[in-house]
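Some structures are shown below for you to check.
Two complexes are shown next, each including chain A; its partner changes from chain B in the first to chain C in the second.
Let's turn to the complex of A and B:
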């Protein structure tokens, strides 16, 4: 009886946080849209940026049409998954990339004064408008990659959500290192980009120690390799493995952040959050 | 005594000393936080590790030992040099200038007893040198372990390094130019993305221009992006005097173009600076 009541409570809290996240993101986007020119420049600029990135691989595959059985079409799918999961994090939880900065500068004080969860509040308080361009680009590239079916679309959506969650967890972990070492802002940013860096290349060329790094320190295997496999050919076991890793990394992220928060030293800055 | 002080050579020496100090301050500030400082170099190592596995498989699939005059070890050493230099230019100067313009700090900077452009040139140089030492040291070790040594020529090393120095200056001018756009445009991120992606495509940071299809390589070589860090690194790993003359000519043309453009835009831009008291 108590167990049922407890799970209902946490479900209700989860729904409440989700709805609050949606409202906060909506507000951020609407306020950004007030500056129409800036909004459009950011979104279109990001689409051009993504086109530029995929162009490098278009040129590579012009010269080498198949790399170990990997074709440009496979790279397109990789890009689609990566741009969508990245954009989901940047749209809904851009603040996660400023955690290190906020910790170093003592700016978490602002969030500590509120009744809601500190990590959640610090993360959802910012939205990267340009990520809307990433999202749109990812969807278009997914359809251009071909062989689209209803099943594939559903898998793509699910996988994008799961990998976005994993990316978020990874960011929380690396940004939270700042609690323990004082300044880790740039290193955390570099680690995030290192993780993303794996998602541009044919996944079947990696082996040896590099593969081990992809399984552990920079979990690109779960965020890039497996999702690509499961969208290409549905496999429930792979999906389950991804889900388990997602939960595990989430719990790890919460644990490290909570541990770190105890080390947090408040600043005496008075900040105005805009 | 007064004759010495007023002699143009001495004043020039003093000015140079002033800018050298600016470079030194930036050098040491950049190395304060070890984790942040080393993270860039570790990224370079990771990237060339990925490139090694990618190009080994690519060359094996194509069943070739040499493509466009480059073997796999040459590609990796060339990419290591280009990546080391490109990563060493971070953080981008345009972002710093953008912050200066937005916060209003620029109003004070332009009134100080130094040239605003030279201040940033030497400041960037200080950060660049500290990053470069670390990037090249770790990058050199990684390339050596991953693909082994390659034979280098003194001509290639000297003239390639000269092109890399000019390439650094060209990158500074383009980056400064983008930063100066913030005098007129509220958000310069889009310009930054386009510049960094142009570098990625045509700057040989992932795919060396020697591996491009011929028609595209001919176009890419004429663009400023290939003259930043690709041209110099290409000549270091496989020297060709004719190619050096060609690259030098293109690089000089772009340097003069951006130098004039920056001068013009800066003189126009500072007229837009308005100081609000408070």
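Let's turn to the complex of A and C:
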């Protein structure tokens, strides 16, 4: 009885947080739309950037139709998952990439004054508008990759969500290092881009130490290879493995952030909510 | 006997600050063998606040005012000591406490900069989980007393500092907090805007019975608003008594600046000491126990052609120096 009541409570809290996340995102988009020109330039600019990247792969695969068993179609799928998961983080939790900066500049004060989870609040209060372009392009590329079925679409949506969650967890961990060592914003950003960079390549090109790194420090294997496999051919075990990794990395991220928060020193810089 | 709404005992907060030698090699050596200095931002501070009090918490820059407020609101963890606000331990129950308190940090706006205040108010109503009907009633009430109905649809970036501060205070009152922490609410405001803010603070305290914890650099804020004042300096509490006593014992002077048409050589006023003098400008330190501002101005108007007048309160550092002087 008690357990049921408890789980109902957490479900209700979860729904409230989800609905608030949507409210915050809408507000961020509204805020960005105050400047229409900048808004449109960012969205269209990102689409053009993505087209450029996929053209490079197209030219490469024209010359080498198969790289370690990977074809252009596989790369397109990989690209679609990557673009969608990255854009989900940037649309709904852009603040995660500013955590280090918020910690060093005392910007967490603002979020700590509210009756909500501070990590959630700091992350969802910002949106990267250009990521809307990324998201739309990722969906288009998924359809262009072919062999689309309802089952594939559902799996694609699920793995995109799970990998976005992994990216988020990874960012929380590296950005939270700032609590302990001071200024770590740039290093955290570099690590995130390293993870993104490695995730754009088929993981069967990495061996030995690099493979180990892709499984641990920069978990590109979980963000690239596994989702790709499961979309190509549904496998519940792989999906379960991804889910376990998500939960594990999420708990680790929360643990490190909470530990770090005790070291938070605030600051007296003037902050503005954009 | 009424129970205390805030209870602080032996509160301490220390920060570790990295020491760096000057120059390039100094910077390099601090990377490999960093040296830290421990700074006591707040040291053994104890006080309590009763419900409905309007308390001023003052001190010079770096005295530990904001650090103390941040510990009371759960933003910072204390190094040691005891804090209880509305029965909550702010470090452990920050989220529950936040439903019952409001805070305005003059230098840290809460409103979304590119959007009209109304958008932020709607968002806050969701964050504080307010009943929408009650929220609308509350908002209407606050909009009326703060006179911001014309500002609700204007993006915050286009508001003046005084207008923005009124909107900021409204944002922190939407959820009907029992205590409001105001950290430098009048910073940078002109005389009229300051007066308006002071009036509404007074109104909230007297009519809505909100307990107000106010920090300010402006002796005028304290004189006009606070019943009790705590003075903090270098992390230590140096005064905790009625504002009346503070005024009577330590804020005895006003600085009056006069710009005259003619030369200042013949200016002689008993009860006022000339502290700065140029050809046409005079700065007079007036002992308000011996002579009133009115008397000084009458004397000036009768004997000189005046171009400009400014009246200042003594600097916070001077008030603190006077407190130390008496304690010695």
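FYI, the second predicted complex is superposed on the first by the 272 of 274 C-alpha atoms of A that agree within 3 Å, B and C clash if a C-alpha of one lies under 4 Å from a C-alpha of the other, contacts with A are read in each partner's own complex, and residues count from 1 in each chain.
Assume a contact is a pair of C-beta atoms (placed from the backbone, for glycine too) under 8 Å apart; a residue touches a chain by one contact, two chains touch by 3 or more.
Quick caveat: nothing in here was measured; it's all calculated off a predicted structure.
*Asks:* When the two structures are laid over each other on chain A, do chain B and chain C clash or fit?
*Replies:* Chain B and chain C fit side by side in the superposed model.
*Asks:* Tell me the contact category for A:27 with respect to chain B and chain C: first, second, both or neither.
*Replies:* second
*Asks:* Who contacts more of chain A, chain B or chain C?
*Replies:* Result: the larger residue contact count on chain A belongs to B.
*Asks:* Could you say whether A:16 touches chain B, chain C, both of them, or neither, answering first, second, both or neither?
*Replies:* second
*Asks:* Who does A:150 touch here: chain B (first), chain C (second), both, or neither?
*Replies:* In the superposition, A:150 touches no partner, neither chain B nor chain C.
*Asks:* Scan A:198 for contacts with chain B and chain C and give back first, second, both or neither.
*Replies:* The answer is first: A:198 touches chain B but not chain C.
*Asks:* Would you check which partner chain A:186 touches, where first means chain B only, second means chain C only, and both and neither mean what they say?
*Replies:* The first partner, chain B, only.
*Asks:* How many degrees apart are chain B and chain C as seen from chain A, counting from C-alpha centres and rounding to the nearest 10?
*Replies:* Value: 90 degrees, nearest 10.
*Asks:* One more residue to check, A:110. First (chain B), second (chain C), both or neither?
*Replies:* So A:110 only meets chain C here.
*Asks:* Between chain B (first) and chain C (second), which, if any, makes contact with A:266: first, second, both or neither?
*Replies:* After superposition on chain A, A:266 lies in contact with chain C alone.
*Asks:* Can you report the least C-alpha distance between chain B and chain C in the superposed arrangement, rounded to whole Å?
*Replies:* Minimum C-alpha separation, chain B to chain C: 6 Å.
*Asks:* Can you give me the overlap between the chain B contact set and the chain C contact set on chain A?
*Replies:* Chain A residues touching both partners: 35, 182.
*Asks:* Which residues of chain A touch chain B in their complex?
*Replies:* 35, 37-38, 41-42, 44-46, 48-49, 52-53, 55-56, 59-60, 62-64, 66-68, 130, 181-187, 190-191, 193-194, 197-198, 200-202, 204-207, 210, 213
*Asks:* Quick one: in the complex, what on chain A touches chain C?
*Replies:* Residue positions touching the partner: 16, 19-20, 23-24, 27, 30-32, 34-35, 108-110, 112-117, 182, 262, 264-266, 268, 270-274.
*Asks:* For a test of understanding, state which residues of chain C touch chain A in their complex under the given definition.
*Replies:* Touching chain A from chain C are residues 15, 18, 66-67, 70, 73-77, 94-99, 103, 105, 107-115, 119, 123, 126-129, 155.
*Asks:* Inside the complex, what are the residues of chain B that reach chain A?
*Replies:* The contact residues of chain B facing chain A are 33, 35-36, 38-40, 42-43, 46-47, 49-50, 53-54, 56-58, 61-62, 185-187, 189-191, 193-194, 196-198, 200-201, 206-207, 211-213, 216.
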